[in-house]
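Below, subunit A partners subunit B and then partners subunit C, in two separate complexes.
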Partner chain A sequence: MDFSEEIRSKAKELLESGTVDCVIGYERATDGVGARPLFVYQPNDIDRLIFDQTCTHNLTKYLLNRKDKATAIVVKPCDSRAINLLINESQIQRDKVSIIGVVCPGVVKAGLDNTSGELQDTCRMCQQHTPVLYDFLVGELGLEPDVPDTYPDVTGMEDKSAGERRAFWEEQFSRCIRCYACRQVCPGCYCLECFVERLDPTWVGIRIAPGENEVWNTMRAFHLAGRCIDCNECERVCPVNIPLSLLNRKLGKEVEELFKFQAGIDAETPMPFSTFDKEEKLGISE
Partner chain B sequence: MAVEYQPKIVGFLCNWCSYAGADLAGTSRICYPSNIRIIRVPCSGRVDPLLIVKSFQQGADGVLIAGCHPGDCHYSEGNYYARRRLALLHTFLEYIGIEEERFQIQWVSASEGKRWANVVSSFTEGLSILGPRETTLHKETV
Partner chain C sequence: MSEFISKQNLLTWLGQLIGERNLVAPTRVDDLLLFRKIDRVEDIVFDFDNTTLSPKEWFFPSSETLFYVDRKDGQTELMPAAIEKETAIFGIRPCDAQGMTMNDYPFLEEPADDLYRQHRDITALIGLACITACPECFCTSMGGGPHDTANVDILLTEVTDGYIVQVLTDKGKALLPDNLLATADVSSPLAPVLSEIPSEGIAEKMRQAFDEPFWDRLADRCIHCNICSYVCPTCYCFDVRDYTDKERIERVRSWESCQSPGFTRIAGGHDPRSTKGSRLRQRFSHKLLYFPNQFGALGCIGCGRCVRACPVNIDIREIIQDVQQLGVKSEA
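Right after this comes the complex of A and B.
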């Protein structure tokens, strides 16, 4: 799968016609294996654009820095859901973004330490190979994958006892160095001041201790409940390999079951926590 | 001599219903366990999940949220929002290994002093049976 040529011609058209003044896409990274984000402002840089299965980044995060500027962006299906999320939450305007959607069979774990071409874990469970939102589509419209079990990882964790889960997560969180890479990379984490950096009161102590780490990781995931679009970026960038998607996907699964809602499928359905149904039964004090 | 285990409970009570309900339990001279530490909040909708996660980190054995019955919220709809948020938090806390018995959400009105006493008694009893949390976390917070 190599869509580089199609993306280049589309980028050229958009830049030369003046529709946008920047195209956000991917180029080959200096390690020669992975990909990295590329901002194209000049037509003579267009040939640097690439797209293949090493293009893991969710570029929609960069749209938040270009809110009022006409921008074209290359998105995979999961990334396209992030655009819906950001429009729904009034963070970006639809008419400022030209979306080059790419049909995606999943991206690989790419880097010098892993050139196996193995798919990322969440990609193997992905249900959406065509972007939910695009202006131009690159790649063939095919059948959507038929994955019978969407959350095998989550149900596997649910089957364990509370004690086992406690031990598992304490071990995971104890490794966290609180670099906040998971937050920086996430298109849903755009608060100007994150709760973790508030000093009065100090919700999360600055020392790197298991308890503080747990508050951070729990609340980071919970703030993305019903908002996570499952792009797996947080887990990919985590330097100590905490399975963050396992937290996010649990919340995604529950929100789907409780509120029949999936983040970023469209930009109009009210977000689950900004609405309610008076008659709903959620198993509380009933 | 071994001291009998006493669970520590943090209670977030809405000012308008549950806090008044707890007050009624007191003025009616109803006895209930003193394991609960009550924090008064304007509305159950004020209870940020962060407050609950933080309580557990700081060593709480259980957290109880009490608010007006659905339909009776002083601010019309605060408890409807709370209900959604806390229902999800409940399953999430269980997922990260905090037993579901340790977290309760109850609707207690200002006239339900007796019910308030029952809620706290049964919650405390449940936690006593469950025992202390099996965690290494709050050993560090002295």
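Right after this comes the complex of A and C.
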């Protein structure tokens, strides 16, 4: 799959008409195989744009740096849900964003080229091959995939005992180096001051050590409950391979079961995290 | 003729080292390769390009207690942090060993950092020469080389059935018993050939490029995580915090990065490096301009870890090339 030409022609149209002053897309990375984000301001850079199955990054995080500027952005279906999330949470304005949505059969594992066909794990569980919102669509509308089991990783974990799960996560978090790449790449993490950097009161200490790493990772996961759009970026960027999506998807599954809600499917449904109904006691006693 | 140690004798020796000191070596942790304290020789990985994280944490730990203050009966007492056992790091690559020498400049310049000095004093470096290289390696452009002996106590180079041994310092001599060595007529394998990065004259070009919009454009893509700083053998910034308990205060330092939002925020809220571009420029200026100006050597040793680990392909090799070109353009 290669949609580079279609993306370039749309980018050219949007830039030359003055509809936007920047197109955020992808270009080839320095390894000659993978992709990296590209910001195009000038028509003569348009030919650098590519789109194929190596384009794994969720670019929507960058919209938060361009809140008041007319911007075009290339999104895959999972990324498009982040735009709904950000509109729903009043972080970006819909009319500032020109969305070039791409019908996506999934992206390949890191280090593999476009033709390898070996999809990332998260893409094999994906139920959405068409973006949930877009202004322009690249690719053919087709049937959505029929994925019988959407949370095989989570249910696999749920089958383990509490002790096994605790041991698993303790081991995983012990490797965390607190680089905050998971937060920095996440479109749902946009607090001006993250709890982890608050000094007064201090929620988490600066020590890069098991206990504090655990507080950091679990608190971040809770802040994303019902907000994670399952783009897997946190897990992709983690330099020590902590399976962060497993944690986020567990909370996504809980919210889906309790509230019948999936983040980013539309931009209007009130978010469970930011609403409270008296009826929602959720087992908490009177 | 070269000094030679058979594979079997190497394993015997490493086993002896485990008994008498901490032995730190590359080992698998899930699918990562990390320098960890080794309890069993079988856990050591000998066949690798380089480790996921650098060995700097054995000299400059990700978190470390600087000292304790104990309060008792109206008295306060300053307690130094505990000192660890003698340590040998096996399997350090020549680039990483050079990185530790780079860290000596800021940490050992008087007034020296006492804990860092202690870690350095009690640690011997048993290097492994590189037979292969990662695609991102560029040590030969940064003053090092795959078989560089300059910064280790012993260098081993793998040949058939064993290793050529070069004992380079007194520390190394004291570590390796002569009875495990033999002499053999083996020649050292060729060093891998690495791509050349135009680092010559980069400091001056970085100075000229200070006000270029290049940095803001590059920062468009940067997500300002701390990965590059934390995987880097020569990034040495830290933050310090006091942990207060009833009768004890513990002063802790932890890795910190110039890429963090707020790294340079000062009392009153002002941040002299508040823009993403200025933060990104700082990291590369420190490596390629400020460090060479202050200490006379480039602050990057070409291990390629930041290139491998960066989620958005901020590539120091490309930056060096681009900055050299910026210079050319502005001269034209």
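Here is the rule we go by: the second predicted complex is superposed on the first by the 274 of 286 C-alpha atoms of A that agree within 3 Å, B and C clash if a C-alpha of one lies under 4 Å from a C-alpha of the other, contacts with A are read in each partner's own complex, and residues count from 1 in each chain.
Keep this in mind: contacts are C-beta pairs under 8 Å (C-beta built on N, C-alpha and C of every residue); 3 or more make two chains touch, one makes a residue touch a chain.
Predicted model, so just to flag it, every value in this text is computed and none were measured.
Asker: Please tell me, clash or fit, for subunit B and subunit C sharing subunit A in the overlay.
Answerer: fit
Asker: Should A:Ala181 be classified as contacting the first partner (subunit B), the second (subunit C), both, or neither?
Answerer: So A:Ala181 only meets subunit C here.
Asker: Considering only touches as defined above, state whether A:Met157 meets subunit B (first), subunit C (second), both or neither.
Answerer: A:Met157 contacts subunit B only, not subunit C.
Asker: Which partner chains sit in contact with A:Val240 here, subunit B, subunit C, both or neither? Use first/second/both/neither.
Answerer: A:Val240: touches subunit C, not subunit B.
Asker: Touch test for A:Pro77: subunit B only (first), subunit C only (second), both, or neither?
Answerer: Touch partners of A:Pro77: none, neither subunit B nor subunit C.
Asker: Pick one for A:Gly25: touches subunit B only (first), subunit C only (second), both, or neither.
Answerer: neither
Asker: With both complexes overlaid on chain A, does A:Ala209 touch subunit B (first), subunit C (second), both or neither?
Answerer: So A:Ala209 meets both subunit B and subunit C here.
Asker: Rounding to a multiple of 10°, what is the angle at subunit A's Cα centre between the Cα centres of subunit B and subunit C in the superposition?
Answerer: 90
Asker: How far apart, in whole Å, are the nearest Cα atoms of subunit B and subunit C in the superposition?
Answerer: 8
Asker: Can you list the residues of subunit A that touch subunit B in one structure and subunit C in the other?
Answerer: 209
Asker: Which bits of subunit C are touching subunit A when the two form their complex?
Answerer: 29-32, 52-53, 62-63, 135, 217, 220-221, 223-227, 229-231, 239, 241, 243, 252, 254-257, 260, 262, 276, 307, 309, 311-313, 315, 317-318
Asker: Within their complex, state which residues of subunit A touch subunit B.
Answerer: It is residues 157-158, 162-170, 195, 203, 209-212, 214-215, 218-219, 221-222, 225-226, 247, 250-251, 254-255, 258-259, 272-273, 276, 278, 280, 282-285 of subunit A that touch subunit B.
Asker: Which subunit B residues qualify as touching subunit A in the complex?
Answerer: Counting only subunit B, the residues touching subunit A are 49-50, 53-54, 57-58, 70-71, 77, 80-81, 83-92, 94-100, 105-107, 134-138, 140-141.
Asker: Per the contact definition, I'd like the list of subunit A residues that touch subunit C in the complex.
Answerer: 29-31, 34, 36-39, 57, 61-62, 65, 175, 177-181, 183-185, 197, 205-209, 233, 236-237, 239-241
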